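What follows is a set of structures to go through.
What follows is a pair of complexes built around chain A, which joins chain B in one and chain C in the other.
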Partner chain A sequence: MDLNLDAPHSMGTTIIGVTYNGGVVLGADSRTSTGMYVANRASDKITQLTDNVYVCRSGSAADSQVVSDYVRYFLHQHTIQLGQPATVKVSANLIRMLAYNNKQNMLQTGLIVGGWDKYEGGKIYGIPLGGTVVEQPFAIGGSGSSYLYGFFDQAWKENMTKEEAEQLVVKAVSLAIARDGASGGVVRTVIINSEGVTRNFYPGDKLQLWHEELEPQNSLLDILNAAGPEPMAM
Partner chain B sequence: MTQSSVDLPPKGGFSFDLCKRNDMLTQKGLKAPSFLKTGTTIVGLIFKDGVILGADTRATEGPIVADKNCEKIHYMAPNIYCCGAGTAADTEAVTDMVSSQLRLHRYQTGRDSRVITALTLLKKHLFNYQGHVSAALVLGGVDITGPHLHTIYPHGSTDTLPFATMGSGSLAAMSVFEAKYKEGLTRDEGIKLVAEAICSGIFNDLGSGSNVDICVITKGHKEYLRNYMEPNPRTYVSSKGYSFTKKTEVLLTKITPLSERVEIVEVAGEAMEE
Partner chain C sequence: MTFMIPIENGNGVKNAEADSQRTLYPYVTGTSVVAIKYKDGILMASDMGGSYGSTLRYKNIERMKAIGKHSLLGASGEISDFQEILRYLDELMLNDNMWDDGNSLGPKEVLNYLTRVVYNRRNKFNPLWNTLVVGGVKYGEKYLGMVSMIGVSFEDNHVATGFGNHLARPILRDEWREDLSFEEGVKLLEKCMRVLLYRDRSAINKLQIAKMTEEGVTVSEPYSLKTFWDFKAFTNPTVGAEGSW
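Let's look at the complex of A and B:
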């Protein structure tokens, strides 16, 4: 069994960020794996940086946690010095600086920064492995994103409503969970707009079933305890 | 079909690819390498009034049990304890170091330590050493903000969970938790569940064994139940005891405990002036 419990903690992951008419919706799965073992089946990969900016983390769990901790600290200082909330662009830039300048130190984390500020409105910035920063209307990341490129090409449209955007994100994450072994658990979404932040939670058994997926069982114990066939009579 | 080099993720299940090669090597005379494991089963769970931590007590040196009754639940603060799996020296050293740092911090701030402080100190240290400090920890405690339970991995990542297991016996223990854990357990239910999970590790994992240690932390109170359960007693003890050879000369048969010779005097210090 490829069960290396000493393997570094990685988040196989599916992370998504989309803009809509008035803000952004960030979404992620909740599986953290150590080799082939699921170390945490209910992790929260959408981390707060400031009141109005959140980041979706993927790749090495340790690296992404440390990067987001540093950036949260820098942004806190920056907010105090600036005297007003930090912009999404500044947050993305700080993350990019850490990611790019630590390339030689084998930093392995892909991030999607999303938030709302009064100057630019809702914005999504993708910061993949090398340390580029790209402003996009929607961004996908993590191992599960491979299965979503075609889906987004077809399903994405400009100026969606908040409900449409969240439905899209939930559908996309659950599709990726169905196909990617390294993604799973629950779907978490965070909606950020001028009014504030809303966190939502979609447990695995409430998600739509896709091609050949089985109904979720509460526990194997239920199946085992179910009445078996009558014993054969000699 | 294009030939592209793609790193396939390792398949689950058994892979018998190297068995033929190993057979060939043993035939040629190469000794198979011995089984080296960092054994342990450590668990933690949050119950109604606080946190319960549990651990087995076996310390292994390769295939040999080096210590049959070691202590894996380390003191961090009066309200915070930490179970450690991995290299024993690393877990001891890192928990001692952070425990000292927490005490200095308590003196500076004048407040009780918080679990998140211990967490940040530990994860910063472990991340700086990029996983070479092989310490996998289950940190639990109750502070002013409530009960907290965290797991910390050697590379510096942390998780916050209602129940957690670590070490080579973690899968066995996690199966017990996943089947039987529910929110709002009472103290007795929680202790029973933790003991069950550790026993599952003790009996099903080669790297874990001996006894069960439990630590219950609630608001303002902690109970360290050392050797709460001893499910592996020594079943045969020779009635003759240890017999010395006839040639041994007996010098003294009286044993004087050293503590009797030492007088401990408590000096009442002066009260600190504001």
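Let's look at the complex of A and C:
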């Protein structure tokens, strides 16, 4: 509600991309906020670019949408010309071109590109503000990622299975949601490998409970009726 | 006497001469408090979060405290200022008890005192960065009121602070009645708190509900609310509109 345009613009969101033995797993939270108000509690921040390449979007909702729209359009044309699926590297480079050449136009979006192609297998490319491209075994982004650097330093390992990788992503997004006010809602994941694409949905009430979080109840009345005669004593 | 030029920067006030005692910006903040009158007294709800900017840093902060036998104070805003206010009220109640005249301060008196304190600080450009809700029952009379950080105070049948004003009060305007039972009141407050949990970035899922009646003041144990995400529209919202949200 207080729009302080002088303050550093923090990117509301937690986005993650992780490679595993055979493909990639992309993950994100689902909160879109306007100031302190949650405009959409169930947004989908993992956007399709081609059949085999997806992008996680963070930062300005508008900027990230328009960048992904352009890249989807270019990749469509590219796929037709090439006669076969586009590679993850080409997708990442197209995003880089838009991000880098619009630096002066104050583009405020950080993206994580992930996919699978037959030449390189599963690949993750991080594209932060400014348009740097970094190929990484895993990438984290958005304001919620601040809380995950230590977690990934400890929990990440090479050559995980598909199940291990997805569990790691869900756990990480869930941990970030617990501490970042700009992240919340459900955890969405997209798994991409040679066999295709799988979308998963983990609603907020099905996630693991962390420190100082309590088991959800229907109402205080259930607790009072279950506990006995004097449950509200101080 | 420090001479200062107030410069508004949206969040607080800067001073030309440094003074270590001024709350210029809030640091650790609590979000909404929602309270209603019901048949037997007052019900008040707040979550237990203390945010540090956009970080949900503290998750066990009690933002509602009993004041004497008859009143309950709920606070949103800067937690350190709330803790200072509790010290002031402690001194106030102590001095009141020393009179040993059988009378004790009720919610109306507590709110009036707080209004004076808050307004005076506001006049010195050194505000207590809180919005305070005071409720209670004394000699059969129910009382519920609030005071903002600039010293505006008033009483009503239902009050809320911060986001609660925008999200909870419309629900209360629609569904509040004079003769709500305890169960109905709790359900109504939980409805408000759930909406706040969905839509307020600084809300956490751990809350307390306090009850004030003629018998006295009690604050419940902390608990969490169930949330609902099982809507078809939520599972695949961008099917057919790739790239949207």
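Basically, the second predicted complex is superposed on the first by the 204 of 234 C-alpha atoms of A that agree within 3 Å, B and C clash if a C-alpha of one lies under 4 Å from a C-alpha of the other, contacts with A are read in each partner's own complex, and residues count from 1 in each chain.
Heads up, the rule we're going with is that contacts are C-beta pairs under 8 Å (C-beta built on N, C-alpha and C of every residue); 3 or more make two chains touch, one makes a residue touch a chain.
These figures come from a predicted structure and were not determined experimentally.
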First (chain B), second (chain C), both or neither touched by A:199: second
First, second, both or neither for A:62, with chain B first and chain C second: first
Touched partner set for A:73, first chain B, second chain C, both or neither: neither
Chain B versus chain C as contact partner of A:181, first or second or both or neither: both
Which superposed partner A:43 touches (first chain B, second chain C, both, neither): both
Which superposed partner A:32 touches (first chain B, second chain C, both, neither): both
Superposition-derived comparison: chain B or chain C, residues of chain A touched: C
Overlap of the chain B and chain C footprints on chain A, listed as residue numbers: 2-3, 6, 32, 36-37, 40, 42-43, 61, 65, 181-182, 219, 221
Touching residues (chain side chain B, partner chain A) in the complex: 9-15, 38, 123, 126-127, 131, 134, 151, 153-159, 161, 167-168, 170-171, 179
Chain B contact footprint on chain A (complex, rising order): 1-3, 5-6, 8-9, 32, 34-37, 39-40, 42-43, 60-62, 65-66, 181-182, 219, 221
Chain C residues within the chain A interface of the complex: 9-11, 51, 54-57, 59-60, 66, 163, 183, 186-187, 190, 198-202, 205-206, 209, 211, 218-231, 233-238, 242-245
Residues of chain A that touch chain C when the two form their complex: 2-4, 6, 10, 12, 30-33, 36-38, 40-45, 47-48, 61, 65, 68-69, 72, 143, 147, 178-182, 184-186, 199, 201, 203-205, 211-221, 223-224, 231-234
